[in-house]
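The two complexes that follow have chain A in common; it is paired with chain B in the first and with chain C in the second.
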Partner chain A sequence: PEVTAEVLAHLERLALVDFRDAEGVERLQKAIQFADHLREVNTDGVEPMDSVLEDRCLYLREDDVTEGNCTKELLKNAREKVEEYFVAPPGNIPLPKLDEQETSLQGS
Partner chain B sequence: LASWVAVVGLEIHAQISSNSKLFSGSQVQFAAPPNSLVSFFDASLPGTLPVLNRRCVEAAVMTGLALNCSINKKSLFDRKHYFYADLPAGYQITQQRVPIAVNGSLSYSLCIDNKMSQMVTKTVRIKQIQLEQDSGKSLHDDTRSQTLVDLNRAGVGLMEVVMEPDMCCGEEAAAAVRELQLILQTLGSSQAVMAEGQLRVDANVSVHHPGDPYGVRTEVKNINSIRFLAKAVDYEIQRQIEELENGGTILNETRAFDSRLGCTVPMRDKEGKQDYRFMPEPNLPPLILYDAKSLPANMNHQQVVNIDLIRERLPDLPSVKRAKLVEQYKILPEHSFTLLNEEGLTEFFENVVKQTQMKSRKVIGWILNDLLSYLKQHSLTVKESPVSSFLLADLLNLLEKKEISAAAAKQVLAELWKGEGKTPLEIVKEKKLELIQDQKELEQICQMVIDGHENEVIMMVLG
Partner chain C sequence: GCLEKGMRLQVSAALKEGQVTPTQLCQRCLALIRSTKFLNAYITVAEESALKQAEESEKRYRRGQPLGVLDGIPISVKDNFNTTGIETTCASNMLKGYISPYNATVVQKLLDQGAVLLGKTNLDEFAMGSGSTDGVFGPVRNPWSYSRQYKEKSVSKSLSEDEESNWVITGGSSGGSAAAVSSFTCFAALGSDTGGSTRNPAAHCGVVGLKPTYGLISRHGLIPLVNSMDVPGILTRCVDDAAVVLGSVAGHDPKDSTTIQDNFKPFELPDLTDVSKLSIGIPKEYHAPGLSSEILALWSNAADLFKNAGAKVIEVSLPHTRYSIVCYHVLCTAEVASNMARFDGLEYGHRSDMNESTESMYAATRREGFNDVVRGRILSGNYFLLKQNYENYFIKAQKVRRLIASDFVKVFRSGVDILLTPTTLSDAVPYMEFIKEDNRTRSTQDDILTQAANMAGLPAINVPTALSERGLPIGLQFIGRSFQEKQLLTVAKWFEKQVKFPMIQLEEVKRLDHGVFQHQKSASFS
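So, the complex of A and B:
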């Protein structure tokens, strides 16, 4: 399977992973090849299973307030905070454009 | 110039009215200290798992039934992935494949030409209702180039109601949302107050020539009131028509409504089409709902949501309430709309009717013309009315017994608005507004008038 530069860039943006170099991309291609073996199985008439819990009962909780009120504890994880708010960068930071990425790949 | 047809669909998010959140036990409350209503699950700390809140399921079933939907006895949860600071998990748990309710309808009414006397009923199809999590809130601090995040709202239960593109203009969209709001409030499944973010509406708008396929649609967000919804939709329709007539094209984009300028603008941060990489939520088995027939014998009733039981307990929906009011009180359909449209007005009206001998179809005039217009002029709610139903009934009784004239009654009412604690009878006596019942006295007054206006009398006699 050929993984085009566009698909790579798309994947990197969606999952915020960095395939870093040619070896990384090759590993990805091998992973896709491995998973493709699944297509060899005939699944006609078989309902897909999307959870091993499919026969379990989904537990329903009563509508009571039992958690919360732990602002201090939660904010311990924050690198930066402002008056009990978490601090994040302004909006989403756009990833470098496609051609900038190709340059960095060639470099390694 | 060729004619245009506009097509409007709506995606409405209604916050479920519940004590705790959809998948966790932290409290649901508007306006609380930042990050005080957040559990470890809401903050997406590792090792936490979602646990479904039964009340949220019931709210969604109620709403589905009220909107004539088929309730899916088996529905599934999925993850919708995207990155944003107020979505700590990096995904939202929603119902993309099989939502809890599908294929319903909502009927709403419109006034033709702004005349309340000519109302027409329209229907919009409900594509589906799904349960999903709300995100936290981002406060953008542009001066310091940062975003402050409050997760109090993260994880609150939402019902997303998807309305098919059966509407054609801002007025229809507004009327449909208004009716949905009334239904949700009647059910109690959501308080649906737009100003508090409990009801959020996104509009999908496109235009095309009659007979042509649908045009490219845009999504309009950031609509904060029903009034602005109508404006935003109508603006966008106009914008698209003008763009196309000038030879331009419509981009499939997301636009924000700017209420100050009254227009829609492209939204930043929406680069290209989003790929949400939907996948089944692995931590939640399918949601199974039961009815009287499928109810298992030996199951803990706390774990059972019975659709038939919920259907039996549904309150009268607004349309039924209106029909009952028209039948019981012999008022016009448009009166019933106004009564239901104003919080507490129906109750006020019924209380007055109970306490007066005046016929209800005469009382309604005093409620809608006099009481309501006064309240509107002074921006008061029915609850804040200085004139109680008791006082108004008292006044109407005087009128009914012919102790005062209608004109006098209006004068007394004007005095009552001052809220000085006087009764109608006291005001009548004070201002000497009693109708003269004595025949002789009336004759004397008439004679006096005739004597004082000889010329006019002659002219009248001559014809």
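So, the complex of A and C:
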């Protein structure tokens, strides 16, 4: 299936990773072509398998607090922080559209 | 010398009897790491903390109270396991400078037994690859490239010219761990195995590589690639040592709900003498396209070895084998797309200077932090997970996975105890040749013999078998039933004893190891 520019833009937005160049797009197309081989397998009546341990009961522990109080430790690895907050740039600003993006990339 | 021994009977006994001290052992390994730096097996060497651990171990031995067989034994850990206070990079720019605030459960368990953590080993970035060539710290070199056995066989003009251009890869993605064990810088190493990442480099580096049953060993603290297939792997120089390490790390972990709750009992491996009750299966589909005639012959000889010793050896079929790579391709990229979403620069790891909006910061961070391989897989994975593709790709792959897993169930139900297959299609290729093809193509080719065991969650082990015509290691793989590691390792140990794989002849090791023991020519370890 031909991968449209719309799908590419959508993927970049979902993945928050860009294709960078034509090579990246080609890589995706090859990946899809390869995955299409799955059609050769007859899977009528076969249930999807989530986990090889599907016949067992997943372990759930009691909902009790057993550890924590490690704020200082965890904040150590963050670059931008204020008091006990991780600092993020302003949200709710959509990524520029594909052609706008090109110019913004050139600028950075 | 004592560096060349396996752990259990020799070095452990030596430590107990005071013939060598944990500090001496640690210092020797650290010195060897320094002199084999060109292998690029280690990303971080934790010299200070290792020596402290060795000192603590020494105090325990002096009191006559060692914690166990692993007390004082130097180990190394693949750099995708979290280790408190030590940088954990996954060989990626995304985690350069990230200092783990906790130990992965398997690391903690080994430290609790007194093992001495020498450092973190090199890998393909985020464990994606089959060469250990695609990490930001550069490729790992196979120690066998510098062995007398390989040098003797290479047609050379000038020695130094060839060493620089002829060195061969370790395989991957746990290449650093395999190289570390192979070059005697540690006695055991942790790797990870999602599609063969422990067994593949084990085969190329001539060491034992164990992939345990999914659910036996905790993944808590192992930075995840594919949650439904990842397992910690164990690399050692002999099968007995693998059993010892397994005994120290296996078992239920409340922090990993995918570990089974059955009680795990560590075991010693019996010395099998009678294999007449054993049924060995030879899956015909593992005679894959591209399998070298050398390895085919070795595989055949191994089957004969079992037959002549009285075991029942039969050809079996795992009809969906050839779809395991395609299936893996879809499931792996899908889970990767999800797992890599956590890297956004906010809480840890690399953060871009781009500050205009959260999304542009995330996008820039991920562009800067991930290499092409990782980014490619994230994008592919997201494609397969799109609403319009979910059923035809992701769900379809999950159905094919069930078919692959059922193939194994059917064969084991028919009375076969263990499967015997090759581990790799050929011996290790020179780096210059390996990089001619891209990562995905290579992984597709190289994972074909190892991947299905991950699909089915089964235990599998590479046992070094013989040297190729080029003087490089070839290993064979045994695949066992779920949670039957004892049987798998028992058979592997018997096989190891029969084939007497030669010891690597490395100049650096000989120079440093004027140890307490006489250097034994015999290759048998236990």
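Annotations for the structure displayed:
Basically, the second predicted complex is superposed on the first by the 98 of 108 C-alpha atoms of A that agree within 3 Å, B and C clash if a C-alpha of one lies under 4 Å from a C-alpha of the other, contacts with A are read in each partner's own complex, and residues count from 1 in each chain.
Here is the rule we go by: contacts are C-beta pairs under 8 Å (C-beta built on N, C-alpha and C of every residue); 3 or more make two chains touch, one makes a residue touch a chain.
Small disclaimer: the values here were computed from a predicted structure and weren't measured.
Shared-chain residue A:69: touches chain B; no touch with chain C. When the two structures are aligned on the shared chain, A:43 is found in touch with chain C, with no touch to chain B. By the touch criterion defined above, A:2 lies against neither chain B nor chain C after alignment on the C-alpha atoms of chain A. In the superposed three-chain model, the partner touching more residues of chain A is C, compared with the other of chain B and chain C. Once chain A of one complex is fitted onto chain A of the other, the partner contacts of A:24 are limited to chain C, with no touch recorded for chain B. Counting contacts by the rule stated earlier, residues 10, 14, 16, 50-51, 53, 56, 58-61, 70, 74, 77, 86, 88-92, 94 of chain A appear in both its interface with chain B and its interface with chain C. Partner chain B is touched in their complex by these residues of chain A: 10, 14, 16, 50-51, 53-71, 74-75, 77, 82-92, 94. Chain A makes touch with chain C in their complex at residues 3, 7, 10-12, 14-20, 24, 27-28, 30-32, 34-35, 37-41, 43, 46-53, 56, 58-61, 70, 73-74, 76-80, 86, 88-96, 104, 108.
Across the interface of their complex, chain A is touched by residues 98-99, 101, 214-215, 228, 252, 254, 257-261, 320, 323, 326-327, 329-330, 333, 337, 344-349, 351, 354-364, 366-367, 370, 372, 375-376, 378-380, 382-384, 386, 393, 395-403, 405, 440, 444, 456-457, 482 of chain C. Residue ranges on chain B touching chain A, taken from their complex, read 18-20, 24-27, 33-41, 43, 45, 51-57, 76, 81, 83-85, 138-142, 145-151, 268-269, 271, 275, 277, 280-288, 302-303, 305.
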